[in-house]
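One chain, chain A, appears in both complexes that follow, with chain B as partner in the first and chain C in the second.
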Partner chain A sequence: MGDLKLPEINYGALSPMLILFGAACLGVLLEAVLPRGRRHGVQLTLALASLVAALAAVILTRNTRVVTIGGAVAIDGPTVFLWGSILLLGVVSMLLIGERAVEAGGAFVSQAAITVGSDKDLKQAGGQPGATEVYPLTIFSIGGMLLFVAANDLLTMFVALEVLSLPLYLLCALARRRRLLSQEAALKYFLLGSYASAFFLFGVALIYGFAGAVDLASIHAAVADPQRNEVLLFGGLALVAIGLLFKGAAAPFHVWTPDVYQGAPTPITALMAACTKVAAFGALLRILYVAFDGVRWDFQPVLGVIAILTMLIGAVLAVTQTDMKRLLAYSSIANAGYLLVGVLALNKEGLSSTMFYLVAYGFSVLAAFGIVSLVRDAEGEATHLSRWAGLGRKSPLYAGVFSFIMLAFAGIPLTSGFTSKFAVFGAAIDGGQTWLVIVGVITSMVLAFPYLRVIVMMWLSEPGESTPTVSIPGFLTSAALVIGVIVTLALGVIPAPLLDLTNDAAQFVR
Partner chain B sequence: MVGVTDFPFLSILTLFPLVGAAVVAFIPKTRAQLAKTIALGWSLAVLALSVVMWIVFEAGGDRFQFRESYQWIPTWDARFTFAADGIALVMLLLIAILVPAVILASWNDVDETQRSVPTYFALLLALECTMIGVFAAADVFLFYVFFEVMLVPMYFIIGSYGGARRQYAAVKFFLYSLVGGLFMLAAVIGLWVVGGHTFDWQKLSDVSAAFDTNTARWLFLGFFIAFAVKAPFFPFHTWLPDAGVAAPAPAAALLVGVLDKVGTFGILRYCLPLFPEASRWFAPAALILGVIGIIYAALLAVGQNDLKRLVSYTSIAHFGFIGIGIFAFTTQAGTGSVLYMVNHGLATGLLFLVVGMFVARRGSALVSDFGGAGKLVPVLAGVLFFAGLASLALPGTAPFVSEFLVLIGTFTVHKVYAVIATVGIILAAAYVLWMFQRTTQGTLNPALTEVPAMHKDISLREKIVVAPLVLLLLILGFYPKPVTDVINPAVEATMQDVGTTDPAPTAVANGKVAP
Partner chain C sequence: MTPDYYLVLAAILFTIGAAGVLVRRNAIVLFMCIELMLNAANLALVTFSRINGTLDGQIISFFVMVVAAAEVVIGLAIIMSIFRTRRSASVDDANLLKY
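This part shows the complex of A and B:
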């Protein structure tokens, strides 16, 4: 028997993840010992502090380029950049999650599984303080996302996928209002997500069969010099891609998105639209660019068709939506398509522009859902589009912010929506994917219509009897909105610093 | 002299109205009068600055003057580059002249009980900023940014302050322009890739000869569609009558007077120099669209019963003239076209403003709601008559010079098109005179006398609005030289970029341009 050799672990490089997982475990512990009344403040502070500390750790170790824990985790330019992005977006999401001034008891209830309509359910929906478990759960999920984008072998990636997904399934079921929709969303997300995970795992098995290993470098080597049947390779790649595209909400694996986005508590929807998207596309980028770049000519057309399908379905179905959260869900699907266009450029610009897009879109979508959580009436959030008519007269400030975000989504210059679209389209044309860009431009035209309709609703329609009021947000939501809007504007007017950052970061290690 | 031209004229001219817009926007609703006064003063300051630029500009000097360049997005080589050639300069001056007139003309147009007055004037100033920027930009990326952002203030002006069908018109306006703009976006990205990853107009135009023929044609098409929607040329014109009707009349004057010129300016500045071969290849199609536009829009104008819609259609017909002048590729026709852009801005701008004064009095834009109005408001009717005559290009008014130049310049190379286009002049006489007759002449419509406002003839404020435009139309009608001197070198340079030479005076050209 040889000596058991422990793999070398670079704790410094891993510190952001360690901080988050440590804080999440501590959060669970606090749940057990703290009196109920004090949990919210302590948990929220702990969650925010751990995110900020992790961010600080990322910044401190930003020049680290290392593959560690026996090749399971790769810390390289994209990892560091995506970690920073996820953590920043996570902080803003956490601000939305922690808001309790808008609704009595916050946006979450404490027990997800109570039968809807029962006395107990009505009681907990009627203003009982919500669960504080949401904070450790969110931190677990964000920690999983960090691992997901850094995973250097497929098994680690699978574990990370589960770590990031399981808390999200539960969080989706905790909405204070419309309990039934929320439970349905959680169940749907859980079932379909489990299928996607199974696909992913099966794909990993096939790729192991092909390459004899699960780490990305060995797969890369095996792809370059195939020793076994390539059916295993392509079958495995397809199944792994399905798992990732499901999380990124690309068609035809998108059907969960509108229902889950609608049913989940709005802060969680924001978290999924911003952070999960970064994680999913970060992992997709790593797998495609690091492990499978040898068969790029084989997967490019297939993923190209998926990108086109995603853009078309997202844009066309967004036009027909009458619910604000569903509209944003379809817009998020279309944006997954634009992200795929950037991914498929398969060059350095493709990598950097996709990362730029993820950050730009993340902040805009957080601000958008932040506003959605404020437009409410006695029944809770008023998400039906017709209810937003005349909002511009009642609350010009919030309607103005939302219009600005809509213009950003429509890709009007001087917003981050324009610069980010420009970046991915430019990279794609550079990478010879002109056909994707043409579809991208056409779907942008289609997609402009629903955004514009919202603006028309808010400003040009007369306020009706049923126009809801906008709640005065507490400090947390205000901060989230301010950050979202400033970043959207700043990345539109002076994108150069972030573009440079993504350019410098766009180098994977293998 | 070096000190003067080094002064950052164009960036200041662009940003100054934006600062004004911010200032006016923050004035409380209750201080409407203050907001109006500041907006007017601000736009007059812009006018003063642009007059200084006019004086500093050397007509025989470099093609591009007032050049400034600041770093913006180094990754893409997109820079804040401003520069003006003669064409841009006259358009900047046109903007600077029209905006104060429009602000003064809108003085009482906004219903204070319904909408915020300061916001309206802030939007006008913001619009002025984007309009100036679009003509002053010498960087394709910067141009595109202004081109698109320009939509936003106009959208809110139409949508929030317009007439009956304002929502529909605002959305139609926005979507049409956005669709055109997105075609252009694809072309801009394509141009960036084939042009060696730069957006600088000068660098791109230096390498434009090396573009692959097919690629260049696609890129041309992307730009051309955007500009054709903006101008608008037939068959992309259907948004303009709706927008023209729904917009407040003074804003409509800006819409057709300046905004639409962005289309023809864009063709001159971007399509022709950057894609010379494609321009020649597409020229026959563009000429045919121009001629169809002239006749078709003029015929529709004859049949209109809505004054604002009528003026919108006349505008489309005039853009047909500008279009054939550009694509005839002779210096004469090109100069005529640019001069037409200026004169049309003055004449149609004036016409829209005067129509707006009628509409404000009567509360309706329908021709049938007037009739014999000249008996009640003789001076105002006189101004309407003058504006109409200018817009039908009567000799002695400025548009005559430009229309004549366009037709002569086109005739030397494309006889048939020039002859057909001439029919447009006759139709122009028909729609203008008939409109004038039905609204102001003949028996007095009894319903008209019951409207108290119709008994008030032109006020001092309105006189101040129309006087400069009337004067300019007359002066430029008799003595266009100051403007043509500035335009000519720029047009000649553009024609050189396209690679065409003017036909010798005696030679019979066969309709083809030299290779």
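This part shows the complex of A and C:
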């Protein structure tokens, strides 16, 4: 045993993840020792501080390019960029999660284990402070996302997938209002999510049989071998891709998205729409670009069909929706299709434009869900579309902000929606994927209809008896909204700095 | 004895699990089917480990067992909380979210 060789660990490069996981463990501990009244402030401060500290660590180690812990984690340009974006989006969603001024006690239930509708439940509905476990859970989940985009072998990727998913399943079940819907969303997300990760795992097993190892470099080498076993290779790749496309909400693996987005507490929906999307597409980019680059002609048409399906289903079904959160869910499915178009360009521009799109979309969607969490009546959030009629007359400021975000989703120039769509479509044309771009442009036009319908409804209808009021946001939600809107505008007017940044970062290590 | 038979067995177990999730109604049974899929993957990993002559597959299956245990904790908690309210673990009863 004397010659046992330990893998080298570059703690500096891993520090963002270590900070987050450390803070999450500390948060669990604090949950046990702090008196109930002080938990919210302390946990929120700890969560925000750890995200900012991790972001600072990413910025300090931004020039590190290293594969560490025995080849399990690769820190390269895309990793550092995606870490930075996940952490920034994480800070903004944490602001939404920590908001308590809009609803007494916050958006989360105080004790999730209490049976819905029982006497105790009615008692806790009256404004008892919400559970503070959500902060460590969110930090665990964001830590898992960081590991997910940096994973350099399929085992690490599987573990990271579970670390990011398991807290999300629980968070979905913690809504204060409409608890049955929330629990149902959690059940659906959990069952379908673990189904998809079982497919992912069997794919890992097949690829291990194919390549004899699970690290991406060995898989790349095995793919280049002309004597390869194609059954194991393509079977494994298909199953692994199912697991990743599920997390990214691409059709036909999208069915959970509208239900879960509608049922989950709105701040958690925002977290899923922004951060989970970055993580899922980051991992998909790494697998396709690093490991399976050698069979790009084989998977490109298949994933192209999936991209087209995703865009069509997202756009067409968004038109028929009557609930604001479901509408945003279908819009997020369509956006997953546009992201896939960028991924399938399979060139450097494809990589950089997809990363740009992820950041631009993330900030807009956070602002959109921020507004959704403010439009309320006595029952809680009023998410039915008809209730939004005439909102522009009642609260022009928030209706204006929401209209701006809708225009950004529709891809109007001078918003980030335009520049990011332009970037991914341009990259796809360079990559010879004109057929995807044609479908992309057509579905964008279809998708503009539901967005514009919302705007028309808010501004041109008379406010009715049932038009809800917009709650005055507390400091945290206001900050999240301001950041979301400023980034959406800034990336539309001056996209060059971020585009340069993504271009510099678009180089995987192998 | 050739290890290929174990791969066939793993594929059969995985298919049974995947089909079970699609046709069964009870959330607990669904959950067991998913566990069956994970264990089929474990069997495939260990068999490939034997075929390839490397230990990676066996190590991975240990990780999978730990992850599956964590998944059970979360899953049963969610199913329990729904069961307490509805007095049923059927996934067909959880149908408030649609369209």
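Assume the second predicted complex is superposed on the first by the 504 of 510 C-alpha atoms of A that agree within 3 Å, B and C clash if a C-alpha of one lies under 4 Å from a C-alpha of the other, contacts with A are read in each partner's own complex, and residues count from 1 in each chain.
The rule is simple: a contact is a pair of C-beta atoms (placed from the backbone, for glycine too) under 8 Å apart; a residue touches a chain by one contact, two chains touch by 3 or more.
If you're wondering where the values come from, they're calculated on a predicted model, not measured in any experiment.
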So, after the overlay on chain A, do chain B and chain C clash or fit? They fit
Q. Of the partners chain B and chain C, which touch A:445 in the superposed model: first, second, both, neither?
A. first
Of the two partners chain B and chain C, more of chain A gets touched by chain C
| said: Tell me the contact category for A:187 with respect to chain B and chain C: first, second, both or neither. | reply: second
With chain A at the vertex, the Cα centres of chain B and chain C span an angle in degrees (to nearest 10) of 140
Open item on the list: With both complexes overlaid on chain A, does A:25 touch chain B (first), chain C (second), both or neither?
Closed with: neither
Item to check | Touching partner for A:162 - first (chain B), second (chain C), both, neither | outcome: second
- Considering only the touch criterion stated at the top, classify A:104 as touching first (chain B), second (chain C), both, or neither. neither
*asked:* Per the contact definition in the header, classify A:496: touching chain B only (first), chain C only (second), both, or neither.
replied: first
Which of the two partners, first being chain B and second being chain C, lies in contact with A:472: first, second, both, or neither?
-> neither
Closest CA approach of chain B to chain C after superposing, in angstrom, is 25
Overlap of the chain B and chain C interfaces on chain A comprises residues none
Residue positions on chain B within touch of chain A in the complex are 71-76, 144-146, 148-149, 151-152, 156, 159-160, 166-167, 170-171, 174-175, 178-179, 182-183, 185-186, 189-190, 192-193
Chain A contacts chain C in the complex at 112-113, 115-117, 155, 158-159, 162, 166, 169-170, 173, 180-181, 183-188, 190-191, 194-195, 198-199, 201-202, 204-206, 208-209, 212-214, 258-259, 262-263, 322, 326
Per the touch rule above, chain C residues touching chain A in the complex are 7, 10, 14, 17-18, 21, 27, 30-31, 34, 37-38, 40-42, 44-45, 47-49, 51-52, 54, 56-57, 59-60, 63-64, 67, 70-71, 74-75, 77-79, 81-82, 84-85, 91, 94-99
Chain A residues touching chain B in their complex are 407, 410-414, 418-419, 422, 425-426, 429-430, 434, 437-438, 441-442, 444-445, 448-449, 452-453, 456, 459-461, 494-496, 499-500, 503
